[in-house]
């Protein structure tokens, strides 16, 4: 039961929590929050896999230990997740100002134009 | 050793507690504050997992800028919160979804525990060829050397994301200035912070960029710190958000990615493959890409935070 | 053929270098269009699309005549360290299809998304063209990349460019539809990423050929593989809007402006399905047994039946066409149970042809629906009275595209039905061949309903008529899908290149052999006429009660919590199916 | 020599931890926002200062030490600013000196 597997279980729990929040919470902002938790959980699993693959680099005396490929992928994933959150928040703020709505199921007023 | 394990266990439990608070809190604003704290603790976990580059990115971007974005949205959407509760799914449905999420977590945890024991890794392969790239930080080596296409595509993904945010403006407001993110009268304390901190922040950002070649750091972390400083100045109202139709701003946004493509294409003739670096010239080229990419990324991340343009009326409305 | 051979030899000698162009053309265009601004964005996009079509033709010709896929290692680092690009038959088809359909949609959108007279940039004139190039860049990267994480970034590029297209008009319900689409697509891509994480954790590489080799040669597969394949498949199904995960598609595709709806339905949805093909045919070909494939097949069949039935009852034309997309996506997933064992060549060819045929037909239908909606100011099917007299070519284009979806003789739809039929016979799973027949009849039903409304009644007053080229484009797209079967069979050989022992040219020729016999002609036209008369009789008596049950189940399925629940059950079901199938 | 240094570190860091504990106790126990704010900013800044002081000998001199001190200064600056902003945002209860409603001279925003 090393620290790595501990964080692996923590990541898996975060994925479950994020999925629950993303599916069950009516408010769109809470869904965006849950999406960030879910993404964080997946990246944590990536980090655990990076840590398991470590050791070789410390032997070579280079930079941080751990497999650098998953670390690079997580950095790229974080920036993509931020862009996704920025678009979602912009859409939600526009929806709230335009139709006083902030959920996905209730149909906002407005004629179904062409 | 068990003391460190106890510390890790305590940290993991703290993170799960904050995550449960983020999901279960009744008030959205409180949930977002919990999320920011959760993000900072996850950055601590990344340090424990030996990924310092990711720890910096998670702290600055994952909980810092994302937290600022969500705090602004939570404040903006507070009046609509009461109406959201009617749309809550029924208790039985929530129970069923909870059970299935539990099942997914259990299966995932079992699978993670049973990952093959001699963990397959690309660490040695990265370490072996790192010398030819001239950088000593393996993560920068992967980001700009072996998998340069991912970094290029990821910088390019930010451009449609930015246009997506801008396209939500009303037609007359197009090309105008985004709303200023700060309060009407920010008060002397915030103005003082916005005057004292940015010089040091910009220095830290550039240091992160520069040190990234050989030690944990790099362009994403530097760009995020620079973007944070810019947004701090805007929140304090010392500067107005830029007009989005400005030609120089548009070129600054695409400058980094264009230079990346030009250097990549030069690799076809100089080093025999797209995104390859000629012998001996790898480090200067990588640094050139990083130095030119950082301002672009900082501007894009800041503009993503500011949101779509509002009508171009007077000082920040 | 001799000089041609040497020409392709020279192009092939260029090595995979040719593969950089489809990647960099849209990306450079995207960046320059933003920097140069709305004045130049349209011109830049259209010229690059023409250039891209030429490059795609060169690649397809080289792959076809070289009879071998083109590959290229980026940065000179071979996988697993680096990322490789590969253009096999499947990629060449998608590389050709994307610029083709985008050019038609781009020229259709010259009017309506152009800068102001003084060349001054407007919101729509910049956003539409930058996002169109973003969609193209995403699709080309999905076609070429051989690394699961690069494919993840390509999917995100595709989604970030498609979501704002939905809300380009700015109406509140389209903004809500765009937000629902974005959140569900993000849920899908996170599950896909989780699958990629588990693959990397088990095999230490994300490169498709290496992964396939290590999965194939591993004797005791770790349990992570079954869960990873299930997660990736479920995530991609959510992004492809396969029933019951289709909650976001109808409001998003119906609410978007006409050219955007065409791009969304014809191409964006196909990008994520392309990755399902890559996953099931390239990464884990032998792994998922019949149980998991049957789950996909059953969902496809339900999508065909329920999607068409709900389309039959729709009030608005654009929603009808959107539900037709939900149904046609069912055909794509019908191929997986038929791909078991000997049928895999037939199934793969059927899936690829369905991608091409549906893309052209659906683009034509959405553009025609857009023209009708602008001309009448509304798109209520019941009040389309006499539009056929006012816009004859548009309604003709709509009808021809509809006939292709029904699956009449020379059309792509017929080819897909014939291939599925022979795959079902080959793998002795006859039951599956009934579903395309039922789908064809239901498609004929709602097509006849629309045409009946369009032909009856006096000529209406036109609010804003389309320009002549716009109508020609609709006709061209419809004919492209209708006459797909007339292409020489060798061209279809392109699909099988890069896969061992699949001669798709012969398979298509076999399926076409019985196309023009008397009994197959009557076999496909007679039931359509029967359905047509039935619909005309029923038209006056309105929706039978059965229709209410169908619309109510669809409305229930399209609630967010229920869709999330179905996604979780599907993920666990697929994981169990794959684990049991071994 | 190193024994004295490590001893100094242990004492200083544990003192800092105690101050953090005091600050958190103040957060839970004090009645209203302003007093909680007071407790937090005072105790945590001092606690962090002691922890940084304690860690100075363990860290590579001079770069590591300067970074630690920079962290402490940033925490001070941020804590003070946030304290001011939260203080200004909280409406003072009637009758207390800072109350503008009863015409008493309030602190300038």
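Couple of notes before you dig in:
Note that the chains take the letters A, B, C and D in the order they are written out, and that residue 1 is the start of every chain.
In the analysis below, a residue touches a chain if its C-beta (ideal position, glycine included) is under 8 Å from a C-beta of that chain, and two chains touch if they have at least 3 such contacts.
On a predicted model such as this, the values are computed, not experimentally measured, just so you know.
Among the chain pairings, A-B comes first (most C-beta pairs in contact).
Comparing the centres of all chains, each the average of its CA atoms, the largest separation from chain C belongs to D.
Once CA atoms are averaged chain by chain and compared with the all-protein CA average, the nearest chain turns out to be A. A separation of 28 Å divides the Cα centre of chain B from that of chain D. Computed from the mean C-alpha positions, the centre of chain A lies at a distance of 12 Å from the centre of chain B.
Averaging C-alpha coordinates per chain places the centre of chain A 32 Å away from that of chain D. The set of chain C residues touching two or more other chains comprises 149, 153, 156, 160, 163-164, 167, 170, 175, 194, 201, 204, 559, 561, 564-565, 568. Residues of chain D in contact with two or more other chains: none.
Looking at chain B, one finds that residues 89, 93-94, 97, 101, 104, 108, 112, 115, 119-122, 126, 146-147, 150, 154, 157, 161, 164, 168 touch two or more other chains.
Under the contact rule stated at the top, the pairs of chains that touch are A-B, A-C, B-C, B-D. Chain B makes touch with chain A in their complex at residues 4-5, 8-9, 12, 15-16, 19-20, 22-23, 28, 31-32, 35, 38-39, 42, 45-46, 48-54, 57-58, 61-62, 65-66, 69-70, 72-74, 76-77, 80-81, 83-89, 93-94, 97-98, 101-102, 104-105, 108-109, 112-113, 115, 119-124, 126-127, 130, 136-139, 141-143, 146-147, 150-151, 154, 157-158, 161, 164-165, 168, 214-216, 218, 220, 301, 304-305, 307-308. Chain C meets chain A in the complex at residues 149, 152-153, 156, 160, 163-164, 167, 169-173, 175-176, 178-180, 182-183, 186-187, 190, 193-194, 197, 200-201, 204, 255, 316, 318, 370, 373-374, 377-379, 559-561, 564-565, 568.
Residue ranges on chain D touching chain B, taken from their complex, read 70, 74, 77-78, 80-81, 84-85, 88, 108-109. Considering their complex, residues 17, 20, 24, 27-28, 30-32, 34-35, 37, 72-77, 80-83, 121-124, 126-127, 130-131, 134, 137, 141, 145, 147, 149-150, 153-154, 156-157, 160-161, 163-164, 167-168, 170, 175, 194, 198, 201-205, 222-224, 227, 559, 561-562, 564-565, 568-569, 571-572, 575 of chain C touch chain B. By the touch criterion given at the top, residues 15, 19, 22-24, 28, 31-32, 35, 38-39, 42, 45-46, 49, 52-53, 69-70, 73, 76-77, 80, 83-84, 87-88, 91-92, 94-95, 98-99, 101, 104-105, 107-110, 112-114 of chain A touch chain C in their complex.
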